[in-house]
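Chain IDs A, B, C and D follow the sequence of writing; residue 1 opens each chain.
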Amino acid sequence: MAKLWDKGYRLDKTVEDYTVGNDFLLDAALIPYDVYGSIAHARMLAKIGVLTKKEAARLTKELSGILRLHEKGKFVIKKEDEDVHTAIENHLVGKLGSTGKKIHTARSRNDQVLVDLRLYTKDKLLELMGAVAGLAGVLADFAEKHKDVPLVGRTHTQKAMPSSLGLWAGAYAESLVDDLTILAAAYGLNDQNPLGSAAAYGSALPIDRAYTAKLLGFRKVQGNVLYCANSRGKTEAAVLAACTQVMLDLSRLASDVIFMSIPETAYVSLPDELASGSSLMPQKKNPCALELARGNAAVVFGYLTQAYGITSGLISGYNRDVQLTKEPLMRGLETTKKTVDVITLTVGKLRVNREKCLDAFTPDVFATDEALRLVAQGAAFRDAYRTVSKNLAKLKAEDPVKNIKSKKHAGATGNLGLRRLKEDVSSDRKTLARMKKDFHKRLETLVKGK
Amino acid sequence: MAKLWDKGYRLDKTVEDYTVGNDFLLDAALIPYDVYGSIAHARMLAKIGVLTKKEAARLTKELSGILRLHEKGKFVIKKEDEDVHTAIENHLVGKLGSTGKKIHTARSRNDQVLVDLRLYTKDKLLELMGAVAGLAGVLADFAEKHKDVPLVGRTHTQKAMPSSLGLWAGAYAESLVDDLTILAAAYGLNDQNPLGSAAAYGSALPIDRAYTAKLLGFRKVQGNVLYCANSRGKTEAAVLAACTQVMLDLSRLASDVIFMSIPETAYVSLPDELASGSSLMPQKKNPCALELARGNAAVVFGYLTQAYGITSGLISGYNRDVQLTKEPLMRGLETTKKTVDVITLTVGKLRVNREKCLDAFTPDVFATDEALRLVAQGAAFRDAYRTVSKNLAKLKAEDPVKNIKSKKHAGATGNLGLRRLKEDVSSDRKTLARMKKDFHKRLETLVKGK
Amino acid sequence: MAKLWDKGYRLDKTVEDYTVGNDFLLDAALIPYDVYGSIAHARMLAKIGVLTKKEAARLTKELSGILRLHEKGKFVIKKEDEDVHTAIENHLVGKLGSTGKKIHTARSRNDQVLVDLRLYTKDKLLELMGAVAGLAGVLADFAEKHKDVPLVGRTHTQKAMPSSLGLWAGAYAESLVDDLTILAAAYGLNDQNPLGSAAAYGSALPIDRAYTAKLLGFRKVQGNVLYCANSRGKTEAAVLAACTQVMLDLSRLASDVIFMSIPETAYVSLPDELASGSSLMPQKKNPCALELARGNAAVVFGYLTQAYGITSGLISGYNRDVQLTKEPLMRGLETTKKTVDVITLTVGKLRVNREKCLDAFTPDVFATDEALRLVAQGAAFRDAYRTVSKNLAKLKAEDPVKNIKSKKHAGATGNLGLRRLKEDVSSDRKTLARMKKDFHKRLETLVKGK
Amino acid sequence: MAKLWDKGYRLDKTVEDYTVGNDFLLDAALIPYDVYGSIAHARMLAKIGVLTKKEAARLTKELSGILRLHEKGKFVIKKEDEDVHTAIENHLVGKLGSTGKKIHTARSRNDQVLVDLRLYTKDKLLELMGAVAGLAGVLADFAEKHKDVPLVGRTHTQKAMPSSLGLWAGAYAESLVDDLTILAAAYGLNDQNPLGSAAAYGSALPIDRAYTAKLLGFRKVQGNVLYCANSRGKTEAAVLAACTQVMLDLSRLASDVIFMSIPETAYVSLPDELASGSSLMPQKKNPCALELARGNAAVVFGYLTQAYGITSGLISGYNRDVQLTKEPLMRGLETTKKTVDVITLTVGKLRVNREKCLDAFTPDVFATDEALRLVAQGAAFRDAYRTVSKNLAKLKAEDPVKNIKSKKHAGATGNLGLRRLKEDVSSDRKTLARMKKDFHKRLETLVKGK
């Protein structure tokens, strides 16, 4: 089929391949969102009298049909289509003739792909945020269950002071709850309607951007049309930066579990179904998923590097470079979501070896507590520190369980604040579930032509 | 003076130099914050009975004295001090003897530097956010003033459609307002009290973390003590990611002004006092500050890369690696702030050459508008597009001013939404000014021992 | 088919998907190299008596068969195969029974994938280096052809001094010749035989690693077996860093052509077949491939960021994280090669508008030359500079062609050193062509069982 | 003093601060190199008759004087000087009047800073390469000394197969020898004379660039003058990419030593003088320098990110953005060198606990060797693997020393190839020492006016 900008000459094959890139593959994921955006656009054009109601209805019907074809895997974007927008316009023209030729009135592929990506990102962020809240919940449950399992707390990888599995899991639960606030900021940035910005300079027609925003469930119109164009790449960078916050947490959690499951520590172990073997070494059980989670943090950060580097320093208006931010956005969101899922599974199935945790408590782990005991008896801390420091060999092992329970200040092993944490997680999960439901309901209603 | 952990042996000189790094220099900026944190800590220790009220008062007085010495440049951290914490503890011990030795009770340098950096970052973020809001205001004013100056809008660097200087400046104003939401999320992450987490495992003493949070003006206690330790590097990454959003905008704004001030366009020009000369070429007036703003986007992103890379994959608890996130945090915040300032100055002084802007309007810039005119006359858009495409030579120049005024939909050249934008900016500025004032007042009150 | 490490339990589906990742897709590109490595390994096992000659011959034959199946697209790696190594071993076992079960003697998938990637990378680097040398040649030819076409040289994007299209193209030609030395260093790092390092700790059998090195055409054995394992990720980073050098050049070349083809300059233009249109704006001809080349520099750098970040800080020995360096390596090499190709095409077809180049020569471009004229007449340079600076309005236009021809020192417009440059390029091309031929001949010979 | 481009107006203070940046501080390190470049330039100007011999001699003498002032810390670059070039030219004009005003004939600060940085980088790279070769030697010695100390080899952090401390240290020694080839490529790129390229477009005077190349000890003239300008940033990226190769190795070595010195392994320990204490926990001995080495890998990579990001996509010719590549270059070289030094010290002083190394050899570590024993008895490998896999509990501990000695193939524990490795290291060290000596001798000769 013809390119939308067909002018009677053919692009050089090398150039065509290079410019299309992976778009014809990546855009498969955008088909539903391009349909939603196109339906909203058609209805808006009818509202302002550029299309008749009948034309809009025919377009809506045909676009809904594309959705069904896509669900069956029968709407395929070919390389020569260039992208999802062309494939869909060509399909409409093929089916509806002149009416199909009207769909692109007052829009450009520039704002069309913007709206597609915004809807896609919204959908994926809602899933991701739900999964992050879910993992926070799993970690909070783990913390509750194992709050009295002592763990040797480390600094510099060396043994430091008494800790607990509850403290360990609670730390990540709280961290993920905080990540949700960063994700929410990126979500808010993304949740703006760019449709109608066209090529970056709007349109001579009196289009109604508030109406398409409402139809598509955006919280607001993204105003200035040049800003709409300029925000491609910027939004991607914000979303990927929020993903890297999550990956940072998960990479450290993975490192912890890898470390806590070597034979020398063996505080925890992975069940067989979570560990891979070696092709050469018969005895191996490897924490592969955790290592990949750790490595994937760098992968997602690399995607952020791409999105940022592509966009930085470009002059205003659409520049083709930004097409290349599509893949890192999609891959980054996908990798983050999958990593959250695999870690959720792992934490849920982690086996705790309480005895091994207890065995690790050598007397030196209690050195600091001993110094503070001297402080309680009246010594100045720095003197107490030096006294203990000179008498390390005399330190005695204590009961670690008693020790961790005795620390009662906010956030300490004996006062993890899990009730409040669980309430926060539960509240976040409810809010996110509602947002997701509302969003999908909006889109369903739109497809039904209402 | 002695190291806090002195055990009677000397560190190898090479190792000492390597581990101290730049800390003794960078920490100069942390002196006030270390004083604030220490005063709050001392008062809390008195509240729970570990110090007497008199001891706390003496410590507060001596710490306030450090603040005054610092203001006069007379409190210097030496390399052999290792860091600000040691310099201050040693000073207190020197002045107050045994009472000085008590200040480090129930804390570690790990939570001490955390609290210092949180207060520092809060202060700098408030300044930065104020400056960003200020620049948004300057841009909105520029947009208002030049909303009827037509500009050739570009895509792919090629001429595309009618735009305006108002649209151009408004785009950045809106973008910066959005950046404030990302900055605010990072601000919220940072605005939590880590004091009391000690080495990462809290303390055996019944410390009151809510009290220090209140004294220092934090919005909440950062609960789980291990999370406090783990959040070093993470917070830095979130703050630097927010800074990169701002830099992304400014790098593009800088590229635009560089492009719009070459002799071939000359839409705008820099006054002499903003342009540097060449040592070799007598005629040159170079937009150096803008080029550096563009380049500094990559610099700040590099700092984010450092903060992220240092932290990713570390096991839980304090690891010395994270000391290295201090410099990228400080430099990143500083570079972003300076870039905002230099761009604010530039936009404020930018000279507009209306004639040059008008001269650039060749007929092809109106091609899309012509196609939509055919649509208004009943043609299907794709047909109209092809008609115009085949008759480009027949296109006529239009009145660009009339054209840009005629586009009235939301966010278009004739409807920039500047009133609403200015209200948003104004509201943000007020909120930020109040937050800054409250924060500084809190710290002043603290130093006065109230 | 079974996993190589099958132990009678099934991996959890989520974990399996996460650990397999894209390997089953990416590994399609490794099939030939896995075959080559396996043939060499089988022949070595026969040489040391672990396999009979007959067994080795049967394995070689069956492996060659896989190569033919692959060429017809009939050897497919399924997700449940995990990777190319499993798919091939399972195929051999299916065809040859017990003999197939012997192929994995004294090797691990760890060294197997290393050898696959080394051969793959060698092949791709030879192609890439050939293409880079080819582009240097095209640029040198362009420089020769247009050496007398004056161009306004710029600094700070502003007009600076007389330059020429010859100088412009020659600059990139020389730069690419230098890039070849960086690529060659990465090539040398990669060109070492890791086979026999097994899981990272070698083998109890007296394997002959020099023999497999010879069979596979490696310049040397990569000695220390632990270093072999540790070099995964490191080699990838070196190769990608070399690719980024090329991309850095091409991103700038692309920026130049984009700038030189806007209507305001129009020094050059792209023929229709290299420029894309707009879906909305009928008049547009966009330099999309160049914009994507510019953006792809950030993409390739992002791949380097991934390879580096994944590997940095890992403990010695194989860690599963490094599996994730496969995709950035492959994609980075592919993107760089495609970008070289598209730029080669573009430079070859670039149209030069000599008149436009000449028109741009306003008098100020000659200011520096005027100052040096005063120097030649006896003035001190700094005085001459100030004299010209104060009399800019009196500057006169000169003949730019005469000007550029008159500058005769090494590397100046009148002495581009193109003969020497072309000789260098030609010599590089010959060497690279010979290396490529030798490498492929070696592999063909191997497959034929010689 | 006046700016070189003084035109009678003052730069805005904010702009001046922003454009000068850290240059006036960083440039202190460039003073000697600016002197060398200036002497060579003056002598060349005399050779072509632009200066008299006497003028050149006076300039040389005065420039040598700056060198002596600098050595005493008495040549200080002030902020208002902008940079080293201005400070030196102003000094020369102050001392020599009209003769001083001639030094800038036929050069620009653009090529001046290029030549400064090339000489600086050459000096620092020679030091760094010498240090890297030195560390390789220390590691080879360590490997020799401990070649029979068994170590449990790991994959996935889990126990895998018998290894040795010799294999461990040898792996890094070989890796660093390979790094030298990457450093050498970057060295070669840098070792080209850019002087005479002036602002990027050469000079109207018949300057002799080969002569300055010879005087300054460059291996060749960097030809094309525009390429000289364009190579700023590019060279920096190549040098920093080579540094990251070294840092990648050191980050992993550091992780290994951290892991091998926790109480659970305790294979090695750091002497007191290499470990820091804690301010809170009396018992702690922390491997801080190693953690910082690990973190500094990310720091150096961040500098590469800056250099790359700043430069990518710029149009040809000098752009002020590239000034910002100076700091990452300098800091990256410095950090890498310091890290090499601290690791060299650490490896040299590392204490080995042979008993702990032996204790770690549980029977499972020999599983693979057992499987290959079954192969030697006639079993197919995959069958042997499964047999061992099902009978893990029956595995017996072996003598690890005998085991590691028995593995005799190239690169295995019993055949580390240390003699050859040491020869390579020794040869590299000699070559590098000679290069360093020659370079310094060249510069001394130059200063003496010969």
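Note that in this section a contact is a pair of C-beta atoms (placed from the backbone, for glycine too) under 8 Å apart; a residue touches a chain by one contact, two chains touch by 3 or more.
The structure presented is a predicted model; accordingly, all values stated were derived computationally and were not measured.
Among the other chains, the CA centroid farthest from that of subunit D is the one of A.
In terms of C-beta pairs in contact, C-D outnumbers the other of C-D and B-C.
Averaged C-alpha coordinates give centres for subunit B and subunit C that are 37 Å from one another. Distance from the subunit B centre to the subunit D centre is 32 Å, each centre being the mean of its Cα atoms. Subunit C and subunit D have CA centres that are 24 Å apart. Touching two or more other chains at once are residues 4, 6-7, 104, 110, 155-157, 160-161, 199, 259, 278, 280-281, 284, 286-288, 291, 294, 297-298, 301, 305, 308-309, 312-313, 319-320, 368, 385-386, 389 of subunit C. Per the touch definition, subunit D reaches subunit C in the complex via residues 4, 6-7, 50, 89, 93, 98-106, 110, 153-157, 160-163, 167-168, 170-175, 178, 181-182, 184-186, 188-189, 196-197, 199-210, 221-231, 233-234, 237-238, 241, 244-245, 247-249, 251-252, 254-256, 259, 294, 297-298, 301, 305, 308-309, 311-320, 368-369, 372-373, 375-376, 380-383, 385-386, 389, 403, 406-413, 416-417, 420-421. On subunit D, the positions that touch subunit A within their shared complex are 155-161, 258-259, 262-265, 278, 280-288, 291, 305, 309, 312-313, 360, 362, 364, 367-368, 370-371, 385-386, 388-389, 392, 395.
Against subunit A, in their complex, subunit C makes its touches with residues 3-7, 9-12, 14-15, 17-19, 21, 85-86, 104, 107-110, 198-199, 272-274, 276-281, 284, 286-289, 291-299, 301-303, 305-306, 308-310, 319-324, 328, 338-339, 341-342, 345.
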